[in-house]
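Two complexes come next, and they have one chain in common, subunit A, joined by subunit B in the first and subunit C in the second.
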Partner chain A sequence: MSRDELNIKDNTSLFKEERYVQQRENKKQFEAPCSEQETAEALAYSKSAEYMEKNFSRQNVVINPHKACQPLGSVMAALGFEKTLPFVHGSQGCNAYFRSHLSRHFKEPTPSVSTSMTEDAAVFGGMNNLIDGLENSVALYKPEMVAICTTCMAEVIGDDLNSFIGNARIKGVISEEYPVAYCNTPSFVGSHITGYDAMIKGILSYLYTRSGIESHPGSGAESGEKLNVMLGFEPYTGNFAELRKILGAFDTKYTILGDHSGNYDSPATGEYEYYYGGTKLADVPQAANALATLSLQKYTLKKTQEYISGTWNQQLAALSTPLGIKGTDTLLATISELTGLPVPAMLTEERGRVVDALMDSHPYLHGKRVALVGDPDLLIGLIGFCLETGMEPVHIICSNGDVDYNEVKFKDEAEALLAASPYGTEATVHVGKDLWHMRSLLLNDKVDLAIGSSHLKFAAKDAEVPLVRVGFPIFDRHHMHRYPIIGYQGTLNLLSLIVNTILQQLDDHNSGFNFELVR
Partner chain B sequence: MDPLRQDEFDSQACGSIAPKAKPCPRPKPGEAVGGCSFDGAQITLLPIMDAAHLVHGPIACAGNSWESRGTLSSGPSLSQYGFATDLTDSDIIFGGEKKLKDSIDYIAGRFAPPAIFVYSTCVTALTGEDMDAVCKEAADRIGIPVIPVNSPGFVGSKNLGNRLAGDALLQYVIGTGEPEPETDLGVNLIGEYNIAGEMWDIEKLMNSAGIAVTSRITGDARYKEITWAHRARVNMVVCSRALLGLAKEMESRYGIPYFEGSFYGAKETTYSLRQMAYLMNDREMERRVDRLTEREEARLGQELRPYRKLLRGKRAVLYTGGVKSWSVISALKELGVQVVGVGTNKSTEDDVRRIADRVGDDTEYIPEGGASRIIKTVRERKADIMIAGGRNMYVAMKEQIPFIDINQERHKAYAGYEGLLRLAKELTYSLANPIWKLAASPAPWDKEAPPYDR
Partner chain C sequence: MGLSIEENQKLVEEILEAYPKKARKDREKHFQVADEKAIDCSTCAVKSNIKSRPGVMTPRGCAYAGSKGVVWGPIKDMVHISHGPVGCGQYSWGSRRNFANGTLGIDNFTAMQITSDFQETDIVFGGDKKLAVIMREITEMFPLAKGISVQSECPVGLIGDDIEAVSKKMSKELEMPIVPVRCEGFRGVSQSLGHHIANDAIRDFVMGRAELAETGPYDVNIIGDYNIGGDAWASRILLEEMGLRVIAQWSGDGSLNELEVAHKAKLNLIHCHRSMNYMVDHMEKAYGIPWLEYNFFGPTKTYESLRAIAALFDDTIQENCEQMIARYKPVMDAVIRKYRPRLENKTVMLMIGGLRSRHTIGAYEDLGMDIVASGYEFAHKDDYEKMLPMLAEGTIVMDDPTAYELEELTKKMNIDLVGSGVKEKYVYHKMGVPFRQMHSWDYSGPYHGFDGFKVFAKDMDMTVNSPVWDLVGRQGTRKPEEAGV
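And then the complex of A and B:
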């Protein structure tokens, strides 16, 4: 049966029918008793410059947050390893949120369990929950490793994961050899990127220490040819594929440390498994003897990077999300430098094609004023991309941008990047602000385009600015995460997305006399 | 909040029989389980659309949850805003009460809501903040109700949170206002959250029978209408697990009779409307209801005919929470769909009994979560379709099982007579999609049969 025969109305069309409209009218009697005029005035005031000032002096309440909490990042990190079960120590709701959040973004199931702590655990500590939880989850989901992160609750009552896991072993719930990595991730500190970092570091250090392997960088089995690569809190499975393509073109051997693309881009074969892909556990200790580590989210992976250059004593190159031509150039130059291999001709050619595409589109991009919201590393990449295409970043909000790497703060790097270009002169970088701040900015100082996650859609709609969805989370569009945004190919994808949004706007808002076929 | 009250509370509100045999089950560590009490409390109260909802805690609880349920509003949208105090480590050490006070003041000053609901979280409950006192003091100062909702995540499951939210309504909201003298008093709808606009279908139906809705608790509600819920003549409990306790308490406090009902399926809908008229003790209304339900059922019978033909004998596994388990079974039965497996993890004893009344012996009960358990039932019982919520949807896709979403993320309203028609259409549509055939056939060069023959 076809859709037309069925005539199913969804709630966008259904409730426009007269009888529902009438019903809504009738309901106004219950609403706060202020006149339509007052409502209109209040709305207008909320869009004014006067209100913007008040909004920016707001200290104590967050309105429409643009960050998630640490353990959410930890769950994503844990899913980057082979047959590893994310295990959240705390009350059960947190875990339900993480599963929904990640599943809604990737449109894939998220296996993750919780210790489901309740009031008695709040009083007596969560040890019994953790021990029971380990026993149950290992029996039910048969993981090869469990990766435990904490929540606010466990942190406030001060649960000691190390001793609890030890006690679980003593009680025989898990064997002495069974790998259980862990990290502490209270949500009242940091954000999802801090939690991602904590879990990656937790897993790397745990698997390395217990292996007994000594660190001799460059002495690995592949006689020093192998490269470690970390992508960080990565909402794009397509970025993993793109990176593999690039490394494959270089013909270098590599290990991706933390690869959740398998879990979040698995085929529909007719049988669901809990675990798809991921970094092999045995590869982790070996990674200590790799030639070097390349990190693609330097602010996100701060502690992991410190660990690698410290304990592993390994050469480390840390970049932000390699986006745009220059961003990708830096990536390729870095790989070439670390491995001693030349940049393959295939990539140079691809670069040329994408530069060509950028040239084709540049008349529609030049001078477009843009608002940006995202995580720090993504924003550095996006700012770079905007500047090289002639788009002008105006408002930049980074809720979790209070981070530094090697004592350079995100805000300072972003501002230096902007200051170095004539297209960056109008930009202001706001750290620690939320999407209600962004709403004021969009309404008071108009832009042509907003770039950010789905959460930004409310403010963008209020300000009548088209939104290009980039980053995390993207709940209301399908399959965006399958297309890479890094590398030359990713740059091309991003370009297409942006320029076609602009062209669509041109058509949508066209009065007719210049409704043209050729753009 | 009073600690460790859960068991006592369970025995009162978790179903009318044998609370010892099945109290609100405590979540089992190490399983993939559902939401927490904080989540549950928010779910119950967020559909009060014109109120502000402020989460007092670290960013997680608000940052992970705002604007993530499809509960629709016909007007105000303040409830869609994610307000949070965003506590950081220094607030944990030195206390977040000042921050809370300032946040309340800011929201009151800027958004002028009719009321502010303040939710405690694990952290603020553990650090022992006196949220009740801060709210009371703020309410006195700013002159609007500021309602503390003491439902931190760790006290238990989502269902318990629903009920704690009901408690907050009883303690702070219901009975604090009076309707206009000329208001036509009727029925409170309790535990109906207007997912995908279902409340609007129900309301339209009730209005056609001349039954007034007094308060919506809480689908598409306005704060004010809940303050006079105690003046209603009848309470209908749409989701029993969540807010049965509220109805019971209102019966003893205000003498309002209640009944448990559902709007899924024509039979249940007719029963619910009749029950309303009966409890209002109004013969004229009963006659009107009879005329309306007869007419609607006849019309529905006609319109359903082609779908019944297509759906007859189809087998479904239903995995959803509480009330929907039994009431959706009724709806499916009317369409000729056989329920071969049903989730009971969130059902009360009463709910389970209702399930048993509606399904044959050949139905498997799925007591606890875990995707593999549901999938196993689908396979073993050779089900044609899986009806569940968002967290299980993608597992069904991996297994190439036709699926429809019955939980909070759905975009189709299935309540009432028209809802049943919509459900029939959705089921047909989902089963008939060509993608299942495509998915079930191997690639042309791959001779191997697919793992599951359908």
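And then the complex of A and C:
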């Protein structure tokens, strides 16, 4: 009997069968549901201007925010270093959530342990958990470094990581030399990007301080042209590859500080390792001697940047995610400036090809009204990309946009960027708002396209706006993170995603006569 | 390695050698190799429901996950506040599948993340005032919400917020049930305590609050079905076809009113005993409602369960039951005829949260597959006692197994199929071992009932026999002749 003869239906079609429709109707007598009329009215009301006003005047409840908590970022940061085990000090559920959340985005394993603190630790502190946890995790998972971050529980009870780690050494569960980096990441401060920053700074400063090296920028053993590069809380493994390609073309020496792309893009070989790739621990103190550091997420990496330009006394160039032609131009100019090397011809050629592609597609993009959601640095990049293609950003929401770098606030930079273009005049930047606000915006002031993470799909569906998935997390589409969105190649990928979404819309909503073969 | 008791005992010992002494001593207690005596007498030597070792990559979650993710979250017409910092609500947002009918954000709030998003000031000054405002704002934003629950995250308990007082006061002001749930993540050793706490809150704030217009002799409740891929619907349809009337469904696609009238049922049918046994025990004591654990995975267990359920009712129901089984059996036989030859003798390792490590055994057996290792994330002693008689001699029983243990077992036992969760899934993909997420059906389903078994069989065949596994240089994960080496 073939599968068709067995009539195998899963949830996509099974529950449309009459017997299930009937069941659904019948169940209502016990649900005491609102009447159809009430529901219809409430739905219509939720789409109204009056509702939007109320929605924007709420002060305390947060509905569908676009941010996660600090330690999630710390786990990602720790996975950027060679054979480093992320270690979460607090209640074990947090760690289970971080592992699931990151694995759902990357479709890859996330090795990370927890100290499994329970009620007794809440009363007596989590020192014993931390000491036992270090002993067990080092024995089982054989990391070369452990990177500890805290959850809100550990922070509320005031656990002192430094002294606990010291006591673990005194007790002999780890040797005096064994590297243990740490940072404090209460979940009630900042967001995942703040936690990413805290752990990167924690690891850099720890490995540097214990090395005894004194920073002499430009004195690197490899020659003075060596560059440090940081990508930040980077949901795209493809962006690491693209950046390597660019730096390779420049023929500059470089160290990526915090490279989790190996861990989140590892091969299926028949054997599982806990650690794939990552910045070599020995390279970190050496990085203090590099000529300069290039940061590609300036709002995200605020404290790390301050550390590098302060303690390492190093020249620092801080950009936001380099998206689009101009964003990439700036990236290349910055690399050129920092290293003294010319922009390679290969990249200039690539630029030309991508500009050509943008010209081919511009009629479908021009004047398209766009809603954007994301982390601050991604949004700066996306706004730039939209403006240079003739798309018009309209609604921009940044739940964790309450950040500044060098006293420039994200919101101010975003608004200045928009104000500098005729295509940015309609835009409003909403900082600290959530995706329920975005729903009202989409319903009351319509756009053609929404760009954001999978979480935006609910609001986009209600407003019947096509969604292009960019950012973090992307749970419901496969392999997006493997393709870069930075650099010229990334610009081409982003362009393809967007223009083909728009073309699909044209086909889906054709009038019959304009279901056209050629576009 | 097959199912030799001695060999497998040795295997477990070898694996545990990697642990430091203290942890090894603890982990040893969490393993048992099923022997005849244990199977016959359900003699369970496995230690369970005790703390995980720090630093071991336990699969377990927390009390909040148990309450918000499992018990309260799927109750669709109430708004569930993730009270505390942003993370817990964000990570549990839509990630546990609980299908529910209704309009999201209007009369169905299951896939929403509603949080108080604690900041430092809330930790210092407390979140009580803010919580009251949040509740008012919820009624503004969601006028059709039937009630509110407060799902406490860790800091709430640590700073001593009085969510009970706020809930009481606001319940009066807003004229709706508002339920404080003390499910802070640090409570207990796993999700399991969260289920208990959540059920206690249902008992104290919801149970028995409404009446059913008309009760009948065939009124039953479905309890402990979370409707992952529509499972509760695929189960309910069988009960209804048999002539029973399901008056409440907990808590997948559940509603407040169903919880409130459930005490009028004549029988509680419980699928996930681990998460809801507290409730059926309470209802038995308080309302004299008997309960029965049933299992709708795989036709054999489904027939057995349907007959056991029918046996508690009159001849009409029993006849209906037999007629229904007669109707479905040829279809189920055909499914087995198609898939069994492709799955016969494949070895399976399960490590799932609660009931499914036990309940799915029969479904695998219907397909001719052999369970060689099975364990739970957060089970209690009774779960192991119930599981043991279902196992073959030599099967490895494991409690709260760590990532390291699972990986070693998979390699050394030549496992053909691993069933576990998303944290484990991609590890097995690296190893080239067929894997299904048995927490979420890998976004497929339903798996319950007769409609569900078809999907289950198709999915297991698709997984075990996908040609993609043959592209991997598998080492030690499957028998060479099967791997085509």
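Criterion: the second predicted complex is superposed on the first by the 509 of 519 C-alpha atoms of A that agree within 3 Å, B and C clash if a C-alpha of one lies under 4 Å from a C-alpha of the other, contacts with A are read in each partner's own complex, and residues count from 1 in each chain.
One rule holds for everything that comes next: contacts are C-beta pairs under 8 Å (C-beta built on N, C-alpha and C of every residue); 3 or more make two chains touch, one makes a residue touch a chain.
Being a predicted model, the structure only gives us computed values, none of them experimental.
Engineer: Identify the partner contact of A:T115: answer first if only subunit B is touched, second if only subunit C is, both if each is, neither if none is.
Structural biologist: both
Engineer: Tell me the contact category for A:L14 with respect to subunit B and subunit C: first, second, both or neither.
Structural biologist: both
Engineer: Under the stated touch criterion, which partner chain does A:I383 make contact with: subunit B (first), subunit C (second), both, or neither?
Structural biologist: Touch status of A:I383: no partner.
Engineer: Name the contact category of A:L72: first (subunit B only), second (subunit C only), both, or neither.
Structural biologist: both
Engineer: Could you tell me if A:L323 is touching subunit B, subunit C, both of them or neither one (first, second, both, neither)?
Structural biologist: The answer is neither, since A:L323 touches no partner chain.
Engineer: Is A:H101 contacted by the first partner subunit B, the second partner subunit C, both or neither?
Structural biologist: A:H101: touches subunit B and subunit C.
Engineer: Quick check on the superposed pair: does A:D462 touch subunit B, subunit C, both, or neither? Answer first, second, both or neither.
Structural biologist: In the superposition, A:D462 contacts subunit C only.
Engineer: Kindly list the residues of subunit A that each of subunit B and subunit C touches, one partner per complex.
Structural biologist: Shared contact residues on subunit A: 1, 3, 6-8, 10-11, 14-15, 19-20, 23-24, 27, 30-32, 34, 42, 46, 54, 58-65, 67-69, 71-72, 87, 90-94, 96-101, 103-104, 107-109, 111-119, 121-122, 129-130, 132-138, 140, 151-153, 156-157, 186-189, 191, 266, 268-272, 436, 455, 458, 475.
Engineer: Considering only the defined contacts, which subunit C positions touch subunit A in the complex?
Structural biologist: 18-20, 22-23, 51-65, 77, 81, 84-88, 90-93, 95, 99, 101-107, 111-120, 122-123, 130, 133-134, 137-138, 140-141, 143-144, 146, 153-155, 157-159, 185-189, 191, 210, 212, 229-230, 233-234, 236-237, 240, 246-249, 253, 255-258, 261, 331, 334-335, 337-338, 402-404, 407, 421-423, 425-432, 444-446, 451, 454-455, 458, 472-475, 477
Engineer: Flag every residue of subunit A that touches subunit B in the complex, lowest number first.
Structural biologist: 1, 3, 6-8, 10-11, 14-15, 19-20, 23-24, 27-28, 30-32, 34, 42, 46, 54, 58-65, 67-72, 87, 90-101, 103-104, 107-109, 111-123, 129-130, 132-138, 140, 151-153, 156-157, 186-189, 191, 266, 268-272, 274, 436, 455, 458, 475
Engineer: Hey, which residues of subunit B end up touching subunit A in the complex?
Structural biologist: Listed in rising order, the residues of subunit B that touch subunit A are 3-4, 6, 26-39, 50, 54, 57-60, 62-68, 72, 74-76, 80-89, 91-92, 98-100, 102-103, 106-107, 110, 112-114, 121-123, 125-127, 152-158, 196-197, 200, 203-204, 207, 220-225, 310, 370-372, 375, 390-395, 397-400, 411-413, 422, 425-426, 428-429, 432, 439-440, 450-452.
Engineer: Using the touch definition up top, name the residues of subunit A that touch subunit C in the complex.
Structural biologist: My answer: residues 1, 3, 5-11, 14-15, 19-20, 23-24, 26-27, 30-34, 38-39, 42-43, 45-46, 54-55, 58-65, 67-69, 71-72, 87, 90-94, 96-101, 103-104, 107-119, 121-122, 129-130, 132-141, 151-153, 156-157, 186-189, 191, 266-273, 436, 439, 455, 458, 462, 475.
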